[in-house]
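Chain lettering (A, B, C and D) follows the sequence in which the chains are written, and residue indices restart at 1 in each chain.
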Amino acid sequence: MTSSATHTHQAPGAPGYTDRRADHLRRLHKIEGQVRGIARMVDEDRYCIDVLTQVSAVNRALHEVALGLLDDHLRHCVVDAARSDPADAQTKLDELTTTLRRALRL
Amino acid sequence: MTSSATHTHQAPGAPGYTDRRADHLRRLHKIEGQVRGIARMVDEDRYCIDVLTQVSAVNRALHEVALGLLDDHLRHCVVDAARSDPADAQTKLDELTTTLRRALRL
Amino acid sequence: MTSSATHTHQAPGAPGYTDRRADHLRRLHKIEGQVRGIARMVDEDRYCIDVLTQVSAVNRALHEVALGLLDDHLRHCVVDAARSDPADAQTKLDELTTTLRRALRL
Amino acid sequence: MTSSATHTHQAPGAPGYTDRRADHLRRLHKIEGQVRGIARMVDEDRYCIDVLTQVSAVNRALHEVALGLLDDHLRHCVVDAARSDPADAQTKLDELTTTLRRALRL
């Protein structure tokens, strides 16, 4: 299954992020490289503050991925459920709130 | 009292995390694998919420690394500067506050 | 307009949190008192760490209020728009993503 | 008043934020008013997203207060302990790490 320009090509049952999958994968591969770069900095005894600055950059990049996934999930899974299956929409909103609560570490 | 038996062997100029470098590297390698696992989940069309749960876990693991590096930096670089060079301590506290401000995204 | 036990009594156009308004107000009044308590601690020269602990508690309480408002907004405003007005649903999801981005300080 | 010029006039045992106490109190009183304003918005049925925007603003203001208190604590309590009492410095860094861990909700 490939990422496609429009939502209409999305297979039934595909997760909400299918259209932007290539974008998420590109970001995640970049983040993987950034984490490897941080390990290399630690291995090379680089200054603590410079290492911390890179850790903040990775955290920010991960938050961007999370926000993108969440946005996709709302636009597809939640909106589709709201239109076709109120009980499923209720379930999806319950799990979404649980996920946000965990993301906010409450 | 130092945080570990080998602190006294730390080379002059080594960063504050030298004693716990192996610990930080182990955590970072694990995080790198977790990020790769998230990319695999996206590639396999796994459910958005399950992907988001893993992103939260990586964020938490990165915060643990940041906290460990910060703790090392305070215990070694900042405390050493406070004892031997007040002007350097001042500089180090300025850059620490800048770093925390960025970590908190203020 | 008063807070009511069930969603069906909610007036058209009321914000999503109407059903739980009393709950949100109770939490906000408690938070207001906590902030006043922190000012009193600072005024009384209480130990920095104890003040910081109270600041963390208030931040957590505010996150709970935000999560509750967000959950109400999704369950009512967003779900209602998804069912009756796709263009409005699109607008509501755009503003929601902007709000989450700001909340995460990206 | 700056944190350095008047530090020598600080009473023994005073918390680290004494020099900037007026600044912290001013910020906290403003935050108290902002929280009261959010309660008023909820009471007046204002739109969820507008309420959430104000909650984010208060969270940010609280983080600024926390960062200021932390900076004061490091510059005075921790640096003083590092210079005069290594065991006390150790204790202060332990409690600081605990506080940051709680602030980051790890």
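Methods note: a residue touches a chain if its C-beta (ideal position, glycine included) is under 8 Å from a C-beta of that chain, and two chains touch if they have at least 3 such contacts.
Model, not experiment: these values are computed from the prediction.
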- Note on the structure: Residue numbers at the chain A-chain C contact, same meaning over half shared and different meaning under half, come out as same
- Quick one: which chain's Cα centre is the longest way from chain C's? B
- Item | Between chain B and chain D, centroid-to-centroid distance (C-alpha), Å | 22
- Message: Quick check: how many Å separate the C-alpha centres of chain B and chain C?
- Response: 32
- Quick one: which residues in chain A touch 2 or more of the other chains? 60, 63, 70, 96, 104-106
- Contact residues on chain D for chain B in the complex? 4, 60, 63-64, 67, 70-71, 74-75, 78-79, 82-83, 86-87, 89-90, 93, 96-97, 100-101, 104, 106
- Item | chain B to chain A touching residues, read off their complex | 14-18, 21, 24-25, 28-29, 31-32, 35-36, 38-39, 42-43, 45-49, 51-53, 55-56, 58-60, 62-63, 65-66, 69-70, 72-73, 77, 95-96, 99, 102-103, 105
